[in-house]
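Please read the structure below before turning to the comments.
So that you can tell them apart, the chains are marked A, B, C and D in the order they are listed, and the count of residues begins at 1 in each.
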Amino acid sequence: MPDPQPILQMKGITKEFPGVTALAGVDFRLFPGEVHALMGENGAGKSTLIKVLTGVYQAEAGVAVLAGERVHFSSPLKAQQAGVSTVYQEVNLCPNLSVAENIFIGREPRFLGLINNYPEMRRRSRELLARVDLDIDVTAPLASYSLAIQQLVAIVRAVDIAAKVVILDEPTSSLDAGEVQQLFRVMRRLKEDGVALLFVSHFLEQIYEISDRMTILRNGRLVGEWRTDELSRIELVSKMIGTELSVLEQLEEAPRRQLASLARQEPFLQATQLGKTGLVQPFDLSIHRGEVVGLAGLLGSGRTEVARLIFGADRAETGTIVIDGTPQTVKTPRTAIGRNIAFLPENRTTEGLVGDLSVRENIILAMQAARGWMRPVPPRRRDELVAKYIEALSIRPADPDALVRNLSGGNQQKVLLARWLITQPKLLILDEPTRGIDVGAKAEIQRLVVSLAEDGMSVLFISAELEEVLRLSHKVGVLRDRRLVAELANDESLTADRIMQTIASGEGS
Amino acid sequence: ACGDGTQDNDAGGADDKIVLGFAQVGAESGWRTANTKSIQDSARAAGIELQFSDAQQKQENQIKAIRGYIQQKVDVIAFSPVVNTGWDPVLKEAKAAGIPVILTDRAVDSTDTSLYVTFIGSDFIVEGQRAADWLIKEYEGKTEPVNIVELQGSPGAAPAIDRKKGFGDAIAANPNFKIIASQTGEFTRAKGKEVMTAFLQSNPDIDVLYAHNDDMALGAIQAIEEAGKKPGTDIKIISIDGVKDAFQAMVDGKINVVVECNPLLGPQLMELVQKVVKGETVEKRILTEEGVFTQDQAAAALPSRQY
Amino acid sequence: MTRHRLFWPVLVLVVLLLGNLIEKPDFFAIRIQDGHLYGSVIDILRFGAPLMLVALGMTLVIATGGIDLSVGSVVSIAGAVACLHISRQADQNAVSGVLLAVAMALGVTLLFGAFNGVMVSWIGIQPIIATLILMVAGRGIAQLIMDGQIITINSAPYKWIGAGWLLTLPAAVLIALTMIGITALIMRRSALGLLLESVGGNAEASRLVGIRARSLVLLVYAVSGLCAGLAGLMISSNVSSADGNNAGLLIELDAILAVVIGGTALTGGRFSIGGTVIGALVIQTLSTTVYTLGVPPETTLIFKAVVVTIVCLLQSPAFRSKVFGRWGPRRTPPPSSGSPSEPTSEKVPA
Amino acid sequence: MSTLTTPTGTRLARVFTGRQRYVPILATAGVLLLMWIGGSLTYDNFADLQVLLNVFKDNAFLLVLAVGMTFVILSGGIDLSVGSMLALSTMLCAWLITEEGWSPGAVIPLVLVVGAVSGSAMGAIIHFFEVPPFIATLAGMFLARGLCYVISTDSIRISHPFFTDTANTMVPLGDYRIDPSVVTSLIVVALAFVVLHYTRFGRNVYAIGGNEQSALLMGLPVALTKVGVYAVSGLCATGAGVLYTFYTGAGYSNTGIGMELDAIAAVVIGGTLLTGGSGFVLGTVLGVLVFGVIQTIIQFEGLLSWWTRIAVGALLLLFIVLQRVIGARKT
């Protein structure tokens, strides 16, 4: 239970960006030994509040008091030195450094000013990673690992920096259920040690599982502060969204469909023995028109790789692909796109967004690339399309000229989704499409997938959330250790447990 | 100008052919190319084996080349220094190795003159003076002020510094001569034209143009013509070097006088090399034969210009 | 108005021009002479035309996140090829011969540009090194073509390119503006600009949306070669001679400077052709100012350094907010690209 | 149940990934060796150790320059001012010693401080005012060169015995002799190696080069590191200038024109990525050697004027393409 005295208190925080008021007079309290959830829709101002607190941004107004003292951090370094350690929303580590170095940089053990013990750093890193059940080569550059692993490394680093306050901004967005549990174990341990934790997530179950209290933001304004056990989910959602709209109920209703008739048709895409050494072992996969195929598996099991091979993002070494009845060699994404395949990549900053371009330009990019530079999308049509999808996916700010770099994480994801939807693909590959997306928008996207499939679009759906996979797909491919081990039809009998068992045992049933 | 290599060839037996290592500055101008050609041709004619290297205007490359020659144990080293200082260390090495060094084209600034046997080339200060001499004579007895604009060579280049100094000192005595503008034209036609165009815009009455080399003068002539003036008449032009194009311009009446700076050092150099190898004493300072050409002499000299 | 991305470069240009006025009150005077316009401002445009062209190509290259150091050498090669061809003709004034020479020169430079493009896009060599090769070797090639001599020609049609006039205006300026206009038009009317910016902004993302990045990069270097070639023709035509060693010397630095002054980030992505033209004019005006004010050659560089520093500081939003405090004590997240995040309305055809 | 099993096959592959960053440097070393062997087979005397020692001696200043540049490029920046800073350093040395009669013992430290301070100034402008490094250092390049001309357009000879004597000192090494400047430059390399790999500053340089924004968010002292990197570069540039002053015993304002490009090229050829964050100072040594060997080959070949340039370009091309082909195969 929280002490009466908050370790951190923020009052009247106001932060403006040109054209946007990200925070307007927000108050916030954090007590030692509690897990505090910061809640809000995409763009509500959660990350901005965290960045203001830790000195990344300077607020226009407001004060922060840490452990009884007025503080004003001019840089994250200062915040860190004062005992506030943070994992920011997008993984913010150095891709070129090794895992061990990322964990220890800036606080390497030194002797006479010289870093003297690399083996020790590696050993400690392995030890720390073992706490989240990760056994990886810590000397390899961070960039060679999947986003999820990078996320865990960032967490491990933040947690290891002895701190009074640990801030985790959507740390779980790319973790699977097991990894989340590992993280929670670590968080609980910190909590017992009296550390104050600030936690951001769009997964309500996680919030209810781990947090003690929560602060809700909406449109940059404080809605209020509640004890988690005193607020029901429906109330929470309606406070976040600001209407009494019961999104949750709608979510539950989301249809779980099975179209047995699909299997009898010719598949839209049939991959046979597609594989690449070191990435995934050769696999067979067929996707029918109007079918949603889910991929399940643990971290690094090779789901992303399957998607990338089909899309030609990586070049397959073995196997063939038949699309629409004609055999194809998919060597580059361009050929795949030419066959009406679209791919929403997992890591939106490095593989998806062009940060310096506007929302409009980012949305139009794929369509434009397909048409070639000679045939620009007519401005009228382009603006119509862009406006339509900004509206449909409720991208905020709804300004097509805003730089995508300045959008909140969830809204960036929506921009990418819009980019592919306007190309009206026949097969849409979604790698973690709901990462970092708020409950409302998530339901929106799930509904979208269902309706697209009903209109005949095929979807390959990858998500760390088994529930989501289960809810949407007609059939689920299960991966383990970079091998497609099973293909399970999604009938009444398929449950998350059965999928987990399949993953664990490594064989289909 | 000199003979086509009817040097006595007896020193050049098959085995003990004289080896000359020549470290050239670079190939930065037509003048330099003529200089290189002259040296190559006369070495061939004199039966001297020439080791050649091009330093691309970099002193360190020249030092490397000289050091290389020392290592290859050539008989004589000759070079045109990029700059006149900084040669002591490497020349000492040459001296220690017993290889005589001949400087061409410009001198080096060293207290120890034993580091080289001789220097053959022009005196840039004298060239500037000669340019001034012509000017002084041309305006002899006139009292109205003479507005001069100067196109300098590249900053830091020895010819630019000395030609400016030689000229400036020589006209200093006469208060009528006024250098109203002086800018670098970087020894090129394009810059010469650009700078002259600007001069013409900001100075309505220019009487004389003094250019540190022909290329800048040739560029400036075009600027003058475009400004609607007559080069050589409305604005008198003095230039240095004596390339063929400049002689042509003199014939056309566009340049008034050219002070020659002769790049064809080859024959003289080879003669010296042979003397040095034989152990004959040579003069410490050998000036190349150079003239001052005016318009009336230009037509006669034009056909014989080689570069 | 100060929010417009070209505000500061234009301001600097204006200030420089006004600076000249103090020394030379009739600086802006333009008179008609021999049927064409004559005056300092015209001279700035005329002598700045080659730089504008080179900077135009450079802008596109930089937009893709590259850089082209070889433009100076390509300038010299273009002049060499054209002048050599013309000098060998019986009648140097024959228009057909000149056209052929121009076509040859542009063809050659296009090839050299494409060579850079292949090195960068297909072999995957870092642009600075890939183009350094041609930068070093190119002048050697130019000198080889001309046997180390300056070729002087006497061809009225050729001279027109760099020193001729059309409708009272310098032909070089018209040619440059035409090229710039065509390029800008293509960039805005077609989707080329968007795709280039995308490649420069995030190459991997561009690949994944199916942009043919390699071909685009190849194209851009080829265009840069072509622009440099055209500039080379102007420079050599202006003085009716080709100088393998000095033509276009260090023009790559001026061009890059022009691009950056014009507000295009060296890291790639967003570019502004209008900005580049302003940038090139700033640089040319700077030279003219040096002549007009009579800055001695020894201090010219210091003068240039000071002006460049001032321009770039003014351009920097960080500097303005820190020094003038216009937006209060605000610190936007350091965008990794360092490009100003102003509204860029002019980029998109509205 | 969620324990991550690591398949042995990929583990092996991952061990290799960890070493991947050494591939460019190995490729460079391999191609350099090839070139050296080629040269030795083609020319007499080429294989002589003294030739190699001369390569070091004639490029000692370039090496020091390139070491500084390595820091800058690793941090994701670039420094165009180094060539001019080197010239300014030679001019300051020559002017203060010869014309102002200062003692070298005072002048050399002063010159080094000037380098570090002006480097820091550029670094500060780059970091705090977000002026692109290319431009800030280009202005620095103009400024330093301009200051050279202001000091004197003429070259200045140094006749101080300290300089003339040191320039003639040789460190004997068996039958061969090495210049003190070679020793100095190698010490600089060793220091740089230690700083880059065994100090926090050095690691921060890599981190910033990898992702500056992330480095900031990780709480690394980005401002200090960035300014520091340019200070190191300025220091190295003036240090190289001092070596150059010993090399020629004079100061000249047109020294080192274009040398910044040589330094950048050496760094990049040595396997350092211009985008920052990846590379080694030892690679830079190889890069400088590549330059030296190319020069030596050209000198042994005795090429005529413009062929020199073409040959430098061609050898560079050959080298880079080979390096790329070999390096790419492994990755």
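Please note the rule applied: a contact is a pair of C-beta atoms (placed from the backbone, for glycine too) under 8 Å apart; a residue touches a chain by one contact, two chains touch by 3 or more.
Given the structure is predicted, the values throughout are model-derived calculations rather than measurements.
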- Could you name all chains that are in contact with subunit C and with subunit D at the same time? A, B
- Message: Please identify the chain with the largest separation between its CA centroid and the CA centroid of subunit A.
- Response: B
- Calculate how many whole Å lie between the centre of subunit B and the centre of subunit C, each centre taken as the average of the chain's C-alpha atoms. 34
- In whole angstrom, how far does the Cα centroid of subunit A sit from the Cα centroid of subunit B? 72
- Query: In angstrom, rounded to a whole number, how far apart do the mean CA points of subunit B and subunit D lie?
  - Reply: 35
- How many angstrom between the C-alpha centroids of subunit C and subunit A? 43
- Please set out, as single numbers or ranges, the residues of subunit C touching at least two other chains. 143, 148, 265, 297-298, 300, 333
- Note on the structure: Going by residue number, subunit D touches two or more other chains at 149, 153, 211, 213, 216, 305-306, 308-309
- Message: Quick check on subunit B: which residues sit in contact with 2+ other chains?
- Response: 27, 33, 36, 155
- Query: If you go through all the chains, which pairs of them touch?
  - Reply: A-C, A-D, B-C, B-D, C-D
- Item | Residues of subunit B defined as touching subunit D within the complex | 24, 26-27, 33, 36, 40, 51-54, 56-61, 63-65, 67-68, 71-72, 83-89, 92, 109-111, 154-157, 160-161
- Message: With touch defined as at the start, can you tell me which subunit D residues reach subunit A in the complex?
- Response: 1-7, 9-11, 13-15, 17-18, 20-21, 194, 197-200, 203-204, 206-207, 209-211, 213-223, 277-278
- Message: Under the definition above, what is the set of subunit C residues touching subunit B in their complex?
- Response: 23-24, 33-34, 38-40, 43, 47, 143, 147-150, 152, 163, 235, 238-241, 243, 245-247, 249, 287-288, 290-292, 294, 296-298, 300
- Can you list the subunit A residues touching subunit D in their complex? 56, 75-77, 79-81, 86, 88, 92-98, 101-102, 105-106, 108, 110, 113-116, 133-137, 139-141, 144, 157, 176-179, 181-182, 278, 298-300, 481-482, 500, 504
- In the complex formed with subunit B, which residues of subunit D make contact? 45, 48, 50-51, 54, 58, 61, 148-149, 153-157, 159, 164, 167-168, 244, 247-255, 257-258, 295-296, 298-300, 302-306, 308-309
